[in-house]
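Heads up, there are several structures right after this.
The same chain A turns up in both complexes below, where it pairs with chain B and then with chain C.
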Partner chain A sequence: MAPFAVVAPASPDEAIAELRAAGPGEAVVLAGGTDLLFDLEDSRVGPRRVVSLRRLPWRTLDWNGPSLTIGSTLPLRAIETDPEVRRRIPGLYAAVRAVGSVALRHQATLGGNLGRSAPASDLIPILLVLDAEVDLLGPSGERRIDVDRFVLGSRRTALAPGELIRSIRIPEARPSAYLWQRVRPFHDISHMAVAVAFSAARSAWRVAVSGFPPRPLLVPEAEEALGGPEPGPEAVARAADALAAHAPIVADRRASEAYRRQLVRPLLQRAVQAIRAGSGGR
Partner chain B sequence: MTVAPRPDGPDKIAGRTIFGTDLEVPGMLWGALVLSPVAHGRIRSLDLTSARAHPGVVAIASDDVPGLVEHRMGDPERPPFPREEVTYRHQPIAAVAAPSRALAREAARAVRVEVDPLPIAGDLDELFPEWPSSRIEDPSRVAAHVHARKGEVERAFHEAETVVAETYRTAGIHQVALEPHACVAEVRDGVWRVQSSTQSPFGAREDTASILGIPETSIVVDGTWVGGGFGGKGAALLEPYALLLARASGRPVRLALSYAEEFRLGRSTLPSVIRMETAVTAGEIVARRVRLLLDVGTSLPGRDFATGYAIGFLLGPYRTPSFEVEGYAVRTNKPPLGPHRAPFAPQATFAVESHLESVAREVGVDPVEFKARHLWRQGDRTPFGQRVTPFGLPAALERARATATRWRQAAPARHGVGVAVGFWSTSTGAGGEARLCLSPTELTIIEGEREIGSGSVLIGLSQVASRRTGLPIERVRVEYRDSSRAPYDAGVFGSRTVGALGRAVDEAAVALLRTLGERLSAPGPATLEVRDGEIVAVHGTTRRPVSEIWTEEEARVGGIAAEGKHYGKSGEIDEHLVRDGTFYAFTDFTGAAHVAEVAVDPETGSVRVVRYAAFHDAGVVIDLPSARAQVEGGVAMGLGTALTEESIWSDDARLLNAGLLDYRIPTLGEVPPIEIEFVEGFPGAGPFGAKGLGEPPIIPVPATIASAVRDACGAHVTELPLSPERVARGLKLV
Partner chain C sequence: MTEPSVHLTINGRSMAIAGVPPEERLLDTLRWRLGLKGTKEGCRTGGCGACTVLRDDRPALSCLTLTHDAEGTSITTIEGLEGDPVGEKVRAAFDAAGALQCGYCTPGFVMALTGLLREGGSSIPLGELLEDLGGNLCRCTGYAAIVRAVRSAREALA
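Right, the complex of A and B next:
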């Protein structure tokens, strides 16, 4: 690990100025640090400057009617312990609980998870099925972008140089669920995961998969196969088939392609069952 | 029995204990190793110039060793650095020391190494794709070969009613001690001194002497508090490099591994392939054939006892009239194989127990009944002809059977209950010595082992002395001394601390009591008690305080001394059965029967362990809380071997999961409630009839879990660990 400076700007403008002052690739943004620190330790990133967001006033959670806005540096534990999140967006609750351990969730943040954009992120798939949007703040002002368009690939996002994630907006609380499969139930990475949500406003299902490279993604064929608000067993089976057929599942050292394809059906079925039962997952 | 508080507990809980990896001494330099970038290759050039150009940096490699160690007389097969050829990835090629950690790393990176790649031997299946159906013809890969047979094996197989043949595979696993290897070395006035986190100060001294080529008497190993060993800290690893750097720089040098390095160049276990064949007639085993391919990594010729020892466990604790066993230690371009708590026994036991379950099912007998029928009993002979000493395993299996029956009756759908046994020979054979010192206020045990976590040193040895002398345990203290001032001991490994070093403590205590008896002019040994705060020697109605019977000289040095030693002997095997290589006799017979209830997800293959029971023959239990803790810890660790732990190697012998993200040990969340019971009445060779208990608890765990998974869903998984994907394959989902 090469030496670097850590700065903790007191305002968003200062933070953006810090990022702009550094040359390309010379600065990295620190939120909770639960992922970044491993890259620093192993010299996978070699910044000269680490810009910490800890002093920014972004540890917020605001309900506004059906919509929820979560500040990017709010620790995941605060999302998990918000009773309204658990009641109104059970899939988000389940997804947050899937990340690491309680101790880690006191440190990790939603903005950090999104900004680091890991292929096996437990949070990006649920944000996808909730049609979440990202509010960005940068040198040229504010902009809002869909999570689906924000996430470009493994460790790649649409963040422009000098830009920061200010908050994540979930436009509509939805019945939702997040189901995962891993070697170890806790403190592990999901090697296959399915997020499902139903939008009453649009009378449409949203289905996303995660756990393999390059990135979590929505599978519209599965969404269409689920059809209306009360899909029967056949519709769920068709959706599972569509998911297995259209999700670009690949193998890596954590799981084979065949095993991942096998997992799609039970995870989707259980997700739909969980939504019927009003729970977010296991 | 008094429940003894752990004297090391408060400091460890409060984070005050200084472990090896916490050590820093004034004026020290930070060391770093330069590691091979390839798994196999010829060193074309090695240039230390740029590293040495950094201010304050010392850099050394093979060419520098003769200048640092005059009159080197070490083992030519164990040079500290390779001269021509590297044989595993991350093999240390050179070492540097610098005034700061960052500078040391930078200097290590500045060392230029050019290596011409050579072909890499990575994978057992790739090296011997036809095995076991064809024999191994290429001797160049074989580091050791063991072969033994008894009786007319071919005929027995030919004439048998039933023959079952299966192949099992096991993954390499790592010890995952919380604390990585670490040491601080200093060379001054001809004394090579190293403080090290080691399970064996004397073993580390012997190894270091052999690698550096200096006499053991010039080396002092001072053990630090150890943050877990589990077999990984039994031999020297960093000490020779740290000492060479200290010699080269004239300063103390700290050398410690990062956790990734711990995975990469620590001594972990490696994969195996096991072939099991059993012939049965009229419900009785008539013959067995067992063959083993064991990856031993970069093994040194002539140094492999792994195969001969491992293979002893592959026949299991069962009567076997005729057999053939053959094992190959296969050299690959992985780091050298190292021991892991009960080396290879959990893997061997998984194979033999799963296999005999298949055999029992094939002949239509309940597996537990089948095993109980064949189990050794005291007085039986092992397949190798050794007489079985008191052995509580049959009794433990009966307890396990009763528990399993009860659990099975109550088990819901998708749950299964498994039973397996494991046995072990605790190393009461290795040597140990102890010195006692009795003052008017306390009895001190002087010895050369650091407590490595289990309590065997601080509590186990104290309990032995307390039990023998009659003193309450609060009056017994263990005093650690470095290898220049302590009595010799082989090390804290092989479940031997209480069993063997405890015998030395016991003998010293007996000698002390005899001395005191003489001072009381009594006809036999005295005992000790505490009266009005002072220790008193007692015989019958005679009582005299220690302060009245010690000599002036004893008062001057602080107490009445006594010494004890124990160099035990193992049993004997019938050497006529041995065709090639070395097989090993057992020193004591200990065993355990375990029961697990698991829930298996029929669609994903995930296994959840619901509850667990462990029935152990530990001879006479010396300290019940420590014994229970050993079993709990061993079971928890075994669950990792059974379900989640696995080193993943690429085709070019690169470790792909060198970290705790993808090398998964169980968390507390996966450890179920564990019922523990000790079956008594089978005394061992240790003090008061104790047997070792450090390793036995891990041995039956993978076999027990596999048995429970099979009971739950019918999936017969023949490869460790039983990851969800492997169970899914067993369920034919994939």
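Right, the complex of A and C next:
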């Protein structure tokens, strides 16, 4: 591991100044560290400065009517233990619980998961179906961007140099579910996952897949096939077909393409059933 | 470059630890700098739970924590459970159930369960408690006795 300095700015402005002062690749942002530390150990990144966000006042969770704003450095465990999250956005509860273990979730953050943008992220697909937005803070001020446009690819985001994720906004609490398949039920990487939500405001379904490169994606063909608020068995079957046909599934070292295309059907069907039953997943 | 000292409260004692390199993990500080070898190194990737400690009373993975980033926090290791009302009950439950074979995973299980029971007490359904221990692995696969210990620790707090 290459030597670096750990700095912990006391304010967002100081943190941004710290990042601006560093040259390209010289500084990395540390939130929970549960993903970044692998890169530091493998020297895949060789930063001179590790900028820890631990002193920033962003460990927040605020409900405002139907919308929920989550501070980027709030540990995931605080999201799953919020009773309103479990009741009003069951899919978010299920997705958060799909990440690591309880101890890991006391460290890992939603901002870190987005900023690191792993191809098999368990949180990006549920944020996609909730039409979540990312609030960014940087040298030229604030801006808001959809999660779908924030995530560019495997480990690639729309973050500009010196920019930080301040919070994630979910505009509407939705009936939702997150279902995954993996080798080990807990503390493993999903090799196929499906997130589903129904927006009452738009009277429309949202369906996303995750688990394979380059990034989690919405699949509009499956959304349209589900149709209205009460899809019958035929609509669900058509949506499962559409998902298997149109999701841009590829093979990687964890699963073959054919296996993944088989898996998406039951995962979608179970997700719709879970939403009907008022649960977020398993 | 001289590193600033790290200020931690370890098992109730506050200390300033000098000379910690920036890349050092809390796990290594505890074991090799402070001699607290109850905390074990398993996978070193956050996947096995053997290195679990309490950080500000919550379970944390010491292998995925930079010591410098733990500045100002309070760390409890298996050695610091003496006199802790929940921790002592958990330890006694593992003891009574014979919930260890080689014993390597035991400190991690005891710390993780202590953290969970402190958070939710005996009101957590047993199934959820067991699910929440899914981040701790026993290489000997001695889970039957561990499940008995979890059940009796939870009942002892009711």
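Worth pointing out:
Just so it is clear, the second predicted complex is superposed on the first by the 282 of 282 C-alpha atoms of A that agree within 3 Å, B and C clash if a C-alpha of one lies under 4 Å from a C-alpha of the other, contacts with A are read in each partner's own complex, and residues count from 1 in each chain.
One rule holds in what follows: a residue touches a chain if its C-beta (ideal position, glycine included) is under 8 Å from a C-beta of that chain, and two chains touch if they have at least 3 such contacts.
Here the structure is a predicted model, which means the values were calculated and not measured.
Shared-chain residue A:155: touches no atom of chain B or chain C. Touch criterion met: A:255 reaches chain B, while chain C stays clear of it. When the two structures are aligned on the shared chain, A:189 is found in touch with chain B, with no touch to chain C. Of the two partner chains, chain C is the only one touched by A:52; chain B is not.
Contacts of A:246 after superposition on the shared chain: neither chain B nor chain C is touched.
Residue contacts after overlaying the shared chain place A:4 against chain C, while chain B stays out of touching range.
Within the superposed three-chain model, A:263 lies in touch with chain B and out of touch with chain C [touch as defined at top]. Look at A:42: by the touch rule set out above, it reaches chain B but stays clear of chain C.
In the superposition on the C-alpha atoms of chain A, the part of chain A touched by chain B in one complex and by chain C in the other spans residues 1, 3, 38, 101, 185-187.
Residue ranges on chain A touching chain C, taken from their complex, read 1, 3-6, 8, 30, 33-34, 37-38, 40, 50, 52, 54, 77, 81, 100-104, 106-107, 185-187. On chain A, the positions that touch chain B within their shared complex are 1-3, 38, 41-42, 101, 181-189, 253-256, 258-259, 262-263, 265-266. Contact residues of chain B toward chain A in the complex are 102, 105, 258, 260, 601, 603-604, 606, 608, 643-644, 648, 656-657, 661-662, 664, 666-667, 669-670, 723-725, 728-729, 733-734. The residues of chain C lying in touch with chain A in their complex are 1, 21-23, 25, 45-47, 49, 52, 55, 58-61, 64-66, 68-69, 71, 112, 115-116, 119, 131-136.
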